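For clarity, chains are labelled A, B, C, D and E in written order, and residue numbers in each chain start from 1.
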Amino acid sequence: MNGWILAATVELAGGGAAALWGVTTGPTGRRVIAQNLATSALCPALLLLSQGYGRPSYVDLALLLALLGPVGTLVFARLLAAELERERPSAWALTWAAAGLGAVVVAAVCAATAPGRATVKLLVVGALLIGGNVIASRALSGGFQGVRGG
Amino acid sequence: MSDAVIVVALLLVAACATAAVAQRDPARQALVLSVLGLFLAVLFTVLQAPDVGLSQLAVGSALTPLLIMLSVRRTRRRGRTKEGPE
Amino acid sequence: MQILPYLVAAYVFLVGCYGLATSRNLIHTVGCLSVCQAATYVLLLAVGYRDGATAPVFSDVEPGSRPVVDPVVQALTLTDVVVGATVTALLLALVLQVAKRHGTVDPDELRELRG
Amino acid sequence: MHHLLPLLAALPLLGAALLVVTGRHLPRAAAETTGLVFSGGTAALALVLTLNSSPPMVEWVGGWLPVDGESVGIVVVGDGPALGMAALVSLLTVAALAYSWRYFAEPPPGHPGAFTALMLVFQGAMCGFALAGDLFNAFVFFELMSVVAYALTGYRIDEARAVQGALTFGVVNSLGAYAMLMGIGLLYARTGELAMTKIGRGLDTAAAGHGGPDGLVLASFVLVLTGLLVKAAAVPFHFWLPDAHAVAPTPVCMLLSGVMVELGVYGVWRVYGTVFAGPGGIPAADLTRALVTLGTVTAAVGAVMCWYQRHIKRLLAYSTVAHTGLFLVALGVLTPEGDDGIALYVVGHAGVKAALFACAGILLDRYGSVDEHELHGRARELPGVAVMFAVGAVGLAGLPPFGTALGKGVAEEAVGGPLTVVYVAASAITAGAVLRITARVFLGLGPRPRDARSDLETSGTGERPETSGPLRRIPDTMRTVPAVLLAAAFAVGVVPAFGGLVARSVNEAGSGGAHASVRWTAHGILLGLASTALAAALAALAVTRPRWVAAPGWAVPLRRLQSGHVGDYVAWLLMGVTVLGALALPGVLGG
Amino acid sequence: MNRLRLWLLAVGGAGLTALLVAACPGLPRFGGRSHPYGERAVRASLDRHTANTVASVNFDQRAYDTLGEMSILFAAVLGCVVLLRQARDEHRARPEPAAVARPVRRYALIVLPVALVTGLYVVAHGQLSPGGGFQGGVVAATALHLLYLGADYGALERVRPLAVYETSDALAVCAYLVLGLAGVLAGTAFLANTLLPYGTFNTLSSGGAVPLLNAAIGMEVASAVVVLLATFLDQAVEIEEKQGS
């Protein structure tokens, strides 16, 4: 048990429980937001775990999640567009808080690894994570309109 | 103590599975299932199975939700045309 | 901790079965089936786990420097994940056709195939 | 020679892939010929290997030969029963493909070979499952076989019943497969091995440590058997079968009822014999209790439900349920004679049942209906089909010298005592129902039956022919295939060397090395004649005095259980797990 | 809810629970050290210079299982194509183009190439680091569908000649089988990994036939997922029932 794993455990417990609560209660719009935030909570946890286990190859998991998590949210934004258009859910404070958390974790892990290809990969993960989440939030609060036939 | 993270991941999976069954609306269930996929991927990571975690992420985060949501859309659209033209 | 992962696997399987039996929507039924399958992943990987070990992937660690978990169950689970995804897709295709031909996805309203 | 064993699974898969690659550019006839070539080639290979299966062959896929008895590869077994099942599967696939020659109305646009390709994958999957000597590998091919079967069952997407039946089939069988995988996981946890023989040895070693089997062995036994018994459609796991077999396209029905269900029984035999038969497994008395109980109930329920059907394909599906029960009973007594008996019975039954389904398919395509009441007397113009249907019925009853009669006679002697009654009754009732159909539909005997309560039964009216429009003339392929199948079922009993060959190869692979001889006995011949006479009497009674054999009150709840609701079937599956566990419990407690 | 079903469920569920709980004490302690097959697999993998043991189990030691798994995917996709074909009473309608907010569209178009490259990377490194043909193939196929999410269905259809994907799906299956048959023709065994040199440990070409089988799976999975999603998208977006049917 080292600090990295402890941090990951805390983040997993807090972020995971919050995401689970959010995704099972309330109106549909809020649930989709919670689904989006689950990505932003768990992706940094995966980075921390990779560092904690001393296995740089585990970063691939975070990379894949940062790539595909927002894609999944876009799926919901696209196919639930009619409902979301009515609700227009937005939680910018939470989104930016999650983005900040992601940035902090990426910075911390970067600082702990020797500069090189691994750092580039981490930065790509960070950029994809933050960019993806912000865009997914944007898509939820009215990114798709007039989606009927398509 | 080093098992704490495994316990957390296991409990999240169990809770999320319960929630996925309890959501009776398929669109909402798809949301919970996608989160369940993420929790499973994390559980696989802490059980030191990154290969399986990767495939769970690849399948669970975008592919399965897309399939379910497309099916929901198709069945709902059917219901709408039955009620009459929009 | 000794048997918690196994209990979780059993619990998830049972919860999935409950959902299957009480489902009111066939798409939901297919979702519950994938919950049942999640139980098999948890069981298999829990069986292969080993305390303090790491993944049996030697791209970034020296072989033999650290104990590794069982790779066989991971390969089995990988196969299982693929099977789960494809079965979900095929069953959803059938649900779509049921929706078209019966006009409903509620199993209680299907009035064929009795006796 | 043994290097060729995995090809039995690989060749049909290669054929299917090639058909999809070239599918867009091939004319339909070429696609179907390709299918026949690949499936026939596999059948030939299976036959050659079967004839060379003594002594049994073993192949380690990938060349991972064991070092000091330990291997990391997958083992494929080529003993008599495995190769015999593969040969049976392959020959029946050839028959089904020949039957469906230019059969379906409209192949999916751009995929003229899709149906043939799926049939080839189905064949490859069943061969792979039959040869599997590794438990997880068996699961993979089991799942492949199921997935193809769901797709084939729902092939006629215009039919409301077909898609519902396929979905029920899919959900119940997938759940059964996952239960089986849980069981495999438990076995791996205990022994750390996946090859069946190694698991068996591992269980014995573990049990030697702490005296006899424990809860884990029981749980894994029940879970693995659940998967296999769902496939074998034992009561109460059987509900999906009539729903699926009655709605699948006819060539698919021939395979589903002819061999796929029997592969479930074969799986039980293989898994018990190699994994659970040792001192660390489930004691023989418990297996006997479990299988004989479930088998008897299955035979009874199948026979009763079969009798009250008016949908002809559904009736045949229930007769498959009844016969599976008989197979399970003979398997459960765990004697070499019992094993030989079911081996022969399965071969004969496959020919007879496939031929009956083929005849039902002719009715469907000629009249657009498979309803006994609606078709009353209409099929008088098809005397050839009538003869085949009647011959199939007496084959089902076990009239000597059909292969079914030989197998049934040997099995009856093996089970002995009151269980013989189950054999005679179940085969007589199912055959009587088929004879009743022959009399009413093909001969127009008796008054036209009146429709009963429609919420209790599924009628066979309003079905759509599988060909483009109702057939005016029955194609030669559709007539020849059932005739050949019936002749084959006849030959199984008549060719004297065949029974001995089957018995020798079955006993060499299992049954603890004990050899039993298989021959016609006066006892078996008399019982076969008795079943046939009883069947004829029942049919005559039903046609002339319909009121005497009308559904009594006690049958209503039984029929209501078949509710068409997938939730009910899942609940029954859980119930079945519990019953199976309870039946196998005493040995574990005692140990 | 049906009363009988609830009773069955209660009794059956209780029985299954008892069975599974009874099995738990018999299971080895979680995290135990006895994994005979696993240890043999690790040794065999290192002998053949495959850094990712899981890839070695999947594509070398238990490649026959992977053949079955691949066939399941192949059969399921073929099954979906057959089941979701256009029925007699249906017709196709052109979907209307969707209005997508500009940042979302831009994001989709930027991420698409990144995801494709990631997918290929995951496939190519399958025998070294976590990942492989299956994971990478799904990522690559999902990437293509960003076009649907970021633009509309018409844009996706323009880059997706379905026939090509169906053919490459089946070709990949053929390639896997032919690689397996090569072993039989060479006189060793089906799917034997003895024909190619094992290469240097922890490089892209190590492991003999493992990278080839891995690539075949990657191609198969990517094409299969594209076809699978295409059949569902067609249903959800294009195919409509005729009015009055």
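In this section, a contact is a pair of C-beta atoms (placed from the backbone, for glycine too) under 8 Å apart; a residue touches a chain by one contact, two chains touch by 3 or more.
Composition by chain, UniProt nomenclature: A = Multisubunit sodium/proton antiporter MrpF subunit; B = MrpA C-terminal/MbhD domain-containing protein; C = Dehydrogenase.
In this text, all values refer to a predicted model and were calculated from it rather than measured experimentally.
Undergrad: Through how few touching steps can chain A be joined to chain D?
TA: Minimum step count, chain A to chain D: 2.
Undergrad: Give me the chains shared as neighbours by chain C and chain D.
TA: The shared contacts of chain C and chain D, listed by label, come to E.
Undergrad: Comparing centres built from CA atoms, which chain ends up most distant from chain C?
TA: D
Undergrad: Across the interfaces A-E and D-E, which one involves more C-beta pairs in contact?
TA: Contact tally favours D-E.
Undergrad: Would you kindly say which chain has the C-alpha centre located farthest from the C-alpha centre of chain E?
TA: D
Undergrad: Grab the C-alpha centre of each chain and report whichever is closest to the global C-alpha centre.
TA: When every chain is reduced to its C-alpha mean, the one closest to the whole-protein mean is C.
Undergrad: Rounded to a whole Å, what is the gap between the Cα centroids of chain A and chain C?
TA: From the centre of chain A to the centre of chain C is 24 Å.
Undergrad: Nearest whole angstrom, what separates the Cα centre of chain A from the Cα centre of chain B?
TA: Using C-alpha averages as centres, the distance is 15 Å.
Undergrad: Indicate the whole-number Å distance between the mean C-alpha point of chain B and the mean C-alpha point of chain D.
TA: Averaging C-alpha atoms per chain gives centres 36 Å apart.
Undergrad: What are the residues of chain E that contact at least two other chains?
TA: 5, 9, 13, 16, 20, 23-25, 27-28, 31, 35, 37-38, 41, 52, 54, 57, 62, 65, 68-69, 72, 76, 79-80, 83-84, 87, 122, 129-131, 134-135, 139, 142, 145, 228, 232, 235, 241
Undergrad: I need the residues of chain B touching at least two other chains; which ones are they?
TA: Correct list: 2-3, 22-23, 30, 48, 50-51, 53-55, 57-59, 62-63, 66-67, 70-74, 78.
Undergrad: Which positions in chain A are in touch with at least two other chains?
TA: 53, 55, 57-58, 60-61, 64, 68, 71, 75, 148
Undergrad: Okay, what are all the chain pairs that touch?
TA: So, checking each combination of chains, I get A-B, A-C, A-E, B-C, B-E, C-D, C-E, D-E as the touching pairs.
Undergrad: For the complex, give me every residue of chain A touching chain E.
TA: Touch list, chain A to chain E: 57-58, 60-61, 63-64, 67-68, 70-71, 74-75, 78, 124, 128, 131-132, 135, 138-139, 142-150.
Undergrad: Enumerate the contact residues on chain C facing chain D in the complex.
TA: Per the stated touch rule, the residues are 9, 13, 17, 20-23, 26, 29-30, 33, 36-37, 39-40, 43-44, 47, 72-73, 76, 79-80, 83, 86-87, 90-91, 94-95, 97-98, 101-102, 107-108, 110-115.
Undergrad: Report the residues of chain C in contact with chain E in the complex, numbered from low to high.
TA: Residues in contact with chain E: 1-7, 10, 13-14, 17-18, 21-22, 46-51, 55-60, 63, 67-76, 78-79, 82-83, 86-87, 89-90, 92-94, 96-97, 100.
Undergrad: Looking at the complex, which residues from chain D come into contact with chain E?
TA: Against chain E, chain D makes touches at 3-7, 9-10, 13-14, 16-18, 20-21, 24, 59-64, 70-74, 76, 108-111, 114-115, 117-118, 121, 124-125, 128, 136-137, 140-141, 143-144, 147-148, 150-152, 154-155, 157-158, 163, 186, 188-190, 192-194, 214-220, 222-223, 563, 565, 567-568, 571-579, 581-582.
Undergrad: Can you name the residues of chain D that touch chain C in the complex?
TA: 136, 140, 143, 147, 150-151, 154, 157-161, 163-168, 170-171, 174-175, 178, 181-182, 185-186, 188-189, 194, 242-243, 246-247, 305, 308-309, 455-458, 559-560, 562-568, 570-571, 574
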